[in-house]
Amino acid sequence: MPSASDTVSTTDRRSRGSVALKAVGLLVLAAAVLSFPSVAANPFILSVGVVIMSYAVLATSWNFVGGFTGYISLGHAAYSGLGGYATGLLVIHTGVNPWLGMLLAGLAVAVLAVPIGIASLRVRGASFVIVSIALVLILLLVFQSWGSFTGGSNGLRVPRPFGPEVLRPEQHERFFYLHAALLAVALLTWWLIDRSRFGMGLKAIREDEDKAQALGVPTFTYKLIAFVVSAFFTALGGGLYALWFGFLDPIFQFSILVGSYMVLMSLLGGIRSLFGPFLGAVIVGYAVEYFKNQYGDTQFHLVAMGLLLGLVVLFMPDGIIPAATNLVDRFRPQKTSIREVTQAELAEQRRTAGPEAAQADQQARTDDGTDIPTSDSTVTEGARS
Amino acid sequence: MKTPYRVAGLALASCLALTACMSSGAGGDSAEDGDGPIKIGISLPLTGDFSEPGKGVQRGYEAWADYVNENGGLLGRDVELTILDDQSNADRVAADYEKLINQDGVDLVFGPFSTRLVVPAAQVAQDYGFLFVEPAGAAEEVFTQGFDNLFYAAPAIADDHYDYLADAIEALPEAQRPKTAAYAAMDDPFAMGTAYGLKSRLEEMGVETVVDEVYPPNTTDFGSIAAKIADSNADVVVGGTQYQDAVNMIVALQQLDYQPKMAAFSTAPTNPEFPEAIGSKTEGILSPTGYTPEADYPTNQEFVEYYTERNGTPPAEDEANAWTTGQVVAAAVEAVECASPDPECQSQLIDWLRENEVETVVGPLTWDEQGRPEGAHLIQQYVDGKIRIVLPEEAAEAELILEKPAW
Amino acid sequence: MSLLLQSLVLGVLLGGLYALLAAGLTLYFGVMRVVMIAHSAFLILAAYLAWWFTSETGLDPLLSLVLTVPLFFAMGVLMQRVLISRLRPATLTMMSVLLTFSIALVIEGMLGFAFSGTQRRIRLDYGGANFEVFGANVAVVKLIAFALAVVSLAALFLLMKKTQFGQALRATIQHPEAARLIGINTERVAGYGFGLGLATAAIGGTALALDSTFYPSLHWHWIGPLMAIIVVGGLGSIPGAAIAAMVLGMGQALLQIPLGTTWAQTFFYIALFATLMVRPQGFFGGRLAQRF
């Protein structure tokens, strides 16, 4: 079972071979990302790449709180929006260096996230989600109304960090690499936390908060730290996007849809996996473009996103990466080396790994009882049988 | 964990797939040699919050393209429209123009609908050196962003919509002028611009502002706003409105039995559905409009006839503004004799429009340095159950009713 | 003074509608521990159905209740049986939020498909009718909406208190395991509870359609205040939700006088944050709220 506790033990048991393989995998991934601007056929495709990378940064940042603690925030657009506005306002009003401004904005949002986290993490589950939604709505009202400071409904134009001699396609390319760098930092941080004692504590909270607390994990502090780190990276992502896009409008910045995209991407890829949100962002980002191309002028994109989210929640709540890993494991019970599967085979398996497989996976999980904590399960137990 | 390896493979595959699929469309370059159709790229809100006016603009653009093609084309070439849906979303509208310019290789672009979408779109066009004539970004803020490629294809910006009405009030003897005024405007650059344009004029004349309310675009309950206005018992009520908010506000004001001497609302009263929504209580309601099918500008009659024959109904303001956009760009193209994405050609088009006047269905248009049109809106009023032009006097179809009957 | 009175009247009339809708949300949470994000999407759906009914038949929108209430009840039962009960118990609260969120998106998208993004309003002959009470004007349509809400709430209350089904429902809310032990089919009861919750959305939507415009994405505008109400009232407490709805509804209407429309809207969220800081279980919540 690829549950969280396994991650660590597998890591401990790793052989030299698998380290090398992972290194190769990472290199290939990095090469694929870094070579994208040179293979992109035109600036439009490059700009789509920037948007997808921005999604990847946001989803990975979201996953600091969603993946580690299991607290699903639907309102992370609040932090990306705040990061964007803070960056823009700092650059406009103080004239600081845009990159420094972005960092300061990230820190400011992180500080702001402390009281918000204290208020919303005191209560579990339902209230947390409600607060996360409420936060986006209240910020929308404030940024829309406080026109003298935020530009209000006229929007806010963010000056460009690069001079006019840097043409738009060149801008896209630079921002693509900047987003990739930010993504790399976020992934590295996630990976470090994942391996740390702190990360263990967080995952214990995700699996069973009461037990974690009984075992002496300072649950509240841990949750709060994860929350603040998440807000910090989300704000950086928002700030970077604002510098690239150059125009902020409260309606689109503080939108519940943006926050729900982050959730969808992370869930789809797998919130327990390092690269899950990234993978989800690539898939969703591409799907959004595809749906728009195919079903251009209908409301289909909303329906499609709703259906996709519903299907993921119902049939694949652990995401693609765990589902695919599980499927591969089932074919090879003795866990042989990864080398026996080629990329093509993997891709094929992934294609067939539809909802049925994921459902079977879910069934397997509940059957052996690993995922059912003792409390809270009474309400719907009957429904499963 | 073997994840990185797999993800890498998948990510690589999807990167390549993304590139491959997306570039499979039209090539980046268009027919430079002047053969083939002139491709014009447009992004419009066909779904989402602005979809209704967005579709009106679409009808106007399509009618214009058909008309041009039936009458010999532009520079002897057909025009071909590529219209994308931006879902009323600022991120999408920028991506759309990026796509139109880079991937679809259009020769010219026309603007989108709504002030909120014009600024991000104009930025893209400016970065690629494209002329950007737009049918719907009327708010003053659009013109203070430093765009040098932008032209608004309508008679006046939002703040000047009520100029004729303000002039008429100013011309009244002191005793007959209203004493107090109440303003309620949607928090939207265009809607607020209209109401506050009139507000600053009235305040200059000494009309006291007794209520000044701004409400978010999603407001549907106008009970409290109406209560404030009714309580102030202002002589004039001015609504900076789009469509439904005006209907809601008027109904809420009626529910509170408030009877102003003068009531002016932007946009909504010119909508053909408005009388039906309000019932028989429209008499005396004022509204500025940039267009009327009755206007006797040289090309207008032909436009109205062609459009009515094609679509079955006479054109409204959105359709007319779209048509005007087409006329403006076409005039520049014919004068400069080029239509290509080449920066040289685009800057010639821009320069030509700076210097020249264009004859359009909304009257002759000229622009200032920032692209503001230098005309004025007509003032319409419901007189005997029909909406008619009452100001300025030389264009009036009916007498201005100064004392609004009870609604 | 009359403005104050007028605002108070408007606040009470609005609060009634809030109370009915919040009661529905509370029911879902009570029987299933589900935060139903799609509640307000169903509200808008009901409003559209009322509008469609009136424009097709020309009859009064209130008559559409005869169709929409049973329809919504059935949809609620079906939704609980087919969708919600599939979720893993361990992550039910979180995942149900996402699932109902996705349902909300689908409803919004389908409404856009079917009726376009245009704002709709039912035109009623008595839309502008009003009468005066102590210097305050009361619009007839608003009063009808309020009466509809009060009657429905009273019926719900009687159902909960006086009938056998109501007892089973309350038992399921309070202690599902014990309820099961004494022979209550909690599964079926939970389904009916869900149906009842959705039926409040049908009534609320029709009441809303009488005196307001609606468009597909309007539900985002409703879900925030409603969520704030059920947290302030204490998750799971129907009287708590009703009282909080009245208090917040009136508070909003009164605050609009000095603050204006936009800032008055933030009142709900400030009340929400204040509640979580001071009394996370809400002001009327019992044992349930503490844990969630």
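For clarity, chains are labelled A, B and C in written order, and residue numbers in each chain start from 1.
Simple rule for what comes next: contacts are C-beta pairs under 8 Å (C-beta built on N, C-alpha and C of every residue); 3 or more make two chains touch, one makes a residue touch a chain.
All of these numbers come straight from a predicted model, not from anything done at the bench.
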Touching groups left behind when subunit B is ignored (all other chains fixed): one piece
Per Cα centroids, the chain farthest from subunit C: B
Distance from the mean Cα position of subunit C to that of subunit B, given in whole angstrom: 37
Between subunit A and subunit B, centroid-to-centroid distance (C-alpha), Å: 38
Where subunit A and subunit C are represented by their mean Cα positions, the distance between them in whole Å: 32
Multi-chain contact sites of subunit A, meaning residues that touch two or more partners: 141, 144-145, 298-299, 301
Numbers and ranges of subunit C residues touching at least 2 other chains: 112, 117, 220, 262, 265
Multi-chain contact sites of subunit B, meaning residues that touch two or more partners: 47-48, 187, 214, 216
Subunit B - residues contacting subunit A, complex: 1-19, 21-23, 28, 46-48, 84-85, 87, 89-92, 94-95, 98-99, 101-103, 115-116, 119-120, 123-124, 127-128, 139, 141, 145, 187-189, 192, 214, 216-217
Footprint of subunit C on subunit B - complex, ascending: 47-52, 88, 187, 213-216, 218-221, 223-225, 227-228, 230-231, 243-245, 247-248, 251-252, 254-257, 276-277, 279, 281
Residues of subunit C that touch subunit B when the two form their complex: 2-3, 6-7, 10, 13-14, 112, 116-119, 121, 123, 125, 127-130, 132, 137, 139, 141-142, 211-215, 217-218, 220-221, 253, 256-257, 260-262, 264-265
Subunit A residues within the subunit C interface of the complex: 70-72, 74, 119-120, 122-127, 129-131, 133-135, 137-138, 141-142, 144-145, 256, 260, 263, 267, 298-310, 313-314, 317, 362, 366, 371-373, 376-384
Complex interface listing, subunit C residues touching subunit A: 29, 32-33, 35, 37, 83-95, 97-99, 101-110, 112-113, 117, 176-177, 180, 186-187, 190, 216, 220, 223-224, 227-228, 230-231, 235, 262-263, 265-266, 268-270, 272-273, 276-277, 280, 291-292
